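These are the structures in question, set out in turn.
In the two assemblies presented below, chain A is common to both, partnered first by chain B and then by chain C.
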Partner chain A sequence: MKVQLTRSWFFNRVFQLVILGLFAKFLFGLKWHLIFQEMPSLAEAVWLTIQLTIISLAIGFIIAWPLALLRAKRKKEWLAKIADAYVAVFRGTPLLVQIFLIYFGLGGQQWMQESFLWPIFRDPYWCVIIGFSLNSAAYACEIFRGALMNGGAGEREAAQSLGLSEFKTDWLVWVPASWRRALPQYGNEMIFMMHSTAIAGLITMTEVFGWAKDINGKFYVTYEGLIAASIVYIVLTTTIIQISKLMEKHYLSYMKR
Partner chain B sequence: MKKILLATALIMTSTSVLAADIKICVEGAYPPFSQTEADGTVTGFDIDIANALCDDMDKSCEMVKVDWDGIIPALLEKKCDAIIAQMSITPERQEVVTFSKKYTQSANGFVGKAGLKLADLGSMNIGVQRATIHQAYAEGAYPDANITLYGTQDEALLDLTSGRVDVVTGETLQILDGFINTDNGEGYEIVENADVTDPKYHGTGNGIAVRKEETELADAFSTSIKNIRESGKYAEINDVYFEIDAYGKEM
Partner chain C sequence: MNIVLEYLPILLKASLLTVSLAVCSLFLATLLGALGAKGKLSKEKYGREYANAYTAIIRGIPDLVLILLIYFGFQKMLNVVTEGLGLGIYSISPFWAGVLAIGFIYGAYLTETFRGAYNSVPQGQKEAAMSLGLSSYRRFIKVVLPQLIRHALPGYGNVFQVLIKSTAVVGVLGLNDLVGLAKDAGQSVRMPFTFNAFTLFMYLIFYFFASWVFRLLERRYAEKGHRS
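After this line comes the complex of A and B, so read on.
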């Protein structure tokens, strides 16, 4: 293909070069030695982010299934209504607001400070675990409910014709089959949850975002901490994507012949 | 492509045309020096001083509210031209910014439940605002304490009342007028004898920070500080907020 050396072609190339040059100048002008010097504290921060993500997802997962079953079956309408309300509240409000309500709101109450629950609510670690878990449960519940309702009838009929009790039908047939259907969407929820842990940095925790703020504050810089944090988040996200691919491969292997 | 360039150029020029002569970064979460009102405006000692200085320099000024831990970066990124936010003049900061002469002098203090002793501090949970001289001092003087960093002093004091931290350290004037003398501060007092002033951590007074190369602006602020001290304007503002002179010893 012949390149047309028109004026606009030339203009475009020059413009692109200038942009690239400015970007490179910006990146090389940053004080990266600060980040290398702070590697040990970054490692701790990454570990905290991983902990928060895994624990919250695990608790959320456990809460989400019974709720999803309640809402998919609607056998006991009043219980299903409560589950509906729970999901509506936690999906309807920003996670940031939920965490602030738990940490500053609940934690600021006199009765809470005098109650036996205070050792838990005193600690920002447990405040965010509670907030993140409840939030993740609501989103996961919605994903699982969709998967349950999407093709439940045949599976349940087949299971019941084999003489399985209702409980066994639900938990040994319906839920595992729906889990497979829910996997691709649940992978997204895992990524969202991991990104959401940045909120913990706003209530004094030194996870990856909190670490970035500490570094920026300590050395009076704008970008270094945040760019390092972004790189960590990208690596973590890529890891989660790989994990969810492995999970899909494992759980959906029966689909391949 | 030309349109994009043209649009960029237009945006750049239009913002610089509309802006005030000097944009001043203030914190808005550090009563009574700087606080945010219900309608979003910022008020306080720092804001009154800023306006008095601008009047003296015959310039129009605009307050820009920026979180404390991003306030120096905001200055360097040209989101504002000066910081008036009780910022202590320290050697570390002087590596990145230029300061005017001091306009206030702060003493460092610890606040906790009444009856707390200096000897108790070493093993306590200490709350402190991130990126302050008080953080540096707490970390340096109490290496065994468990130190929690906060974005704003208000949040640190909030967690003091909830009991998540045992003591909060910061500027004594701020703690007195922004906390102890308010309803929230009942039952709390300044820990006796903990108000050490160590030049290594605490610097030489609070100055107005400008970008490193803009020494002329820093000098202009220094002159105006001197002018409002002499004209009595400073004392007028000071008396609204404090019983003692926030300026500290004469230079």
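After this line comes the complex of A and C, so read on.
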């Protein structure tokens, strides 16, 4: 989607939204005042969604790079195999099931409830963060591995000829260059992660989706909460698209000279 | 472990339900995707605008929210319509509601795949077919479509992998598919870990099976002479 976020575009969208909202109000009797009434709790929910997204993306990012290097270099074959299996399992199964496994599964074990980790696994917040981070790490690892494999031979030879050690070649030359190549796909991963945080709403957390579910249950309505949540998610998605564009501008600015 | 063996027949039946849900919604998504791609590529302004709005809105909302919205919203809308027409209440089963929701969502993703594939068929091929005097229908079926399938298959396979994974969400809404059943059964016999691990394992099997099938298909539709 190519969108120029000018002011007139923005006002046009808001205008269309208001028209559609009034239309729905008078034709189907949707009660928008409920949403305006619940605005403060919506703000908290949005903050929780943003928080979950950023924390899981950050942890996933940190885990993903060493794994991607391991899988791209394949120097220690057995470690690379383990990393392959990790990525296949986390990319091949629904995130929902992974979260259930961590929250209901691990949290329901006897030994877990007696161990020192229990305060972490009792709290849905930490369960969700662990699940999301591991999942995001697997997806990001696949993206980064593609970027690492996709070129970089010349860069690495140049770095080696300058006498950099292997560690420095990897982390100071290969990884930054690959990060620039991986940026467009990583932007998509950011959007997907933000969308996946909706799953946290299923295990009692009140982020945007959980908030919508609560509203629908509390006032016994079908559409209002979910439509408000959809609008919030679309706004967040557009914001992330803009952020990833800015990141591309920042990291790829050297290429435009 | 014995308890899982006792539950195994039901769980396998439930995973069959999951698979049929995925296949039915893939069918619907393919239809909608073809329609959307047709709209996006058409010269008419409204076709383009509706298709753009469809993909932009669907891709901006998490599937969980959309599935819930369609799952509950569609039934309520149907009730309004049938009441207005003076017909009795017609309730759609959770299975078909799920098919409708997932097909509608992934139609938007397939629209983009098909549009990209159509654009990557070289213009010269279409022109050559035109110069041979083929009608527009035969031009599409005989010349463009085989090449379009070749370009679309990798993206189509990826979308199908994501689609299978999102069928997990429908189980939460009350359909007794693999996820829903395993969650309920796991809680009732107090072995949530084992049952959810079984679900994970089944989804892993689906994942590997689907990627195998799509690898075969890609080889089938690969350019002749480059077949490995």
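Convention: the second predicted complex is superposed on the first by the 229 of 257 C-alpha atoms of A that agree within 3 Å, B and C clash if a C-alpha of one lies under 4 Å from a C-alpha of the other, contacts with A are read in each partner's own complex, and residues count from 1 in each chain.
The working rule: a residue touches a chain if its C-beta (ideal position, glycine included) is under 8 Å from a C-beta of that chain, and two chains touch if they have at least 3 such contacts.
The structure presented is a predicted model; accordingly, all values stated were derived computationally and were not measured.
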Checklist entry - Just chain B (first), just chain C (second), both, or neither: which does A:V221 touch? => result first
Item to check | Contacts of A:R122 with chain B and chain C, given as first, second, both or neither | outcome: first
Next on the checklist: Let me test your reading of the model: by the given contact rule, A:L202 touches which partner, first (chain B), second (chain C), both or neither?
Outcome noted: both
Next on the checklist: Once chain A of both complexes is superposed, is A:K168 in touch with chain B (first), chain C (second), both, or neither?
Outcome noted: neither
Checklist entry - Just chain B (first), just chain C (second), both, or neither: which does A:L101 touch? => result second
Checklist entry - Among the partners chain B and chain C, which is in contact with a greater number of residues of chain A? => result C
Checklist entry - Which partner does A:R180 contact after superposing on A: first (chain B), second (chain C), both, neither? => result neither
Checklist entry - In the superposed arrangement, which partner chain does A:K73 touch: chain B (first), chain C (second), both, or neither? => result neither
Checklist entry - Does the superposition put A:N12 against chain B (first), chain C (second), both, or neither? => result first
Checklist outcome for this item: Both chain B and chain C touch chain A at residues 104, 108, 202, 213, 222
Item to check | Of chain C, residues touching chain A in the complex | outcome: 52, 55-57, 59-66, 68-69, 72-73, 76, 80, 161, 165-169, 172, 179, 183, 186-187, 190, 192-194, 196-197, 199-200, 203-204, 207-208
Item to check | Residues of chain A touching chain C in the complex | outcome: 1, 28, 88-89, 91-98, 100-101, 104-106, 108-109, 195-199, 201-202, 209, 212-213, 222-223, 226-227, 229-230, 233-234, 237-238
Checklist entry - What does chain A use to touch chain B in their complex? => result 8, 11-12, 15, 104, 107-108, 113, 118, 122, 124, 202, 204, 206, 213-214, 216-218, 220-222
Checklist outcome for this item: Note: in the complex, chain B contacts chain A through residues 1-2, 5, 69-70, 72-73, 76-77, 92-93, 96, 130-131, 148-151, 155, 158-159, 161-164
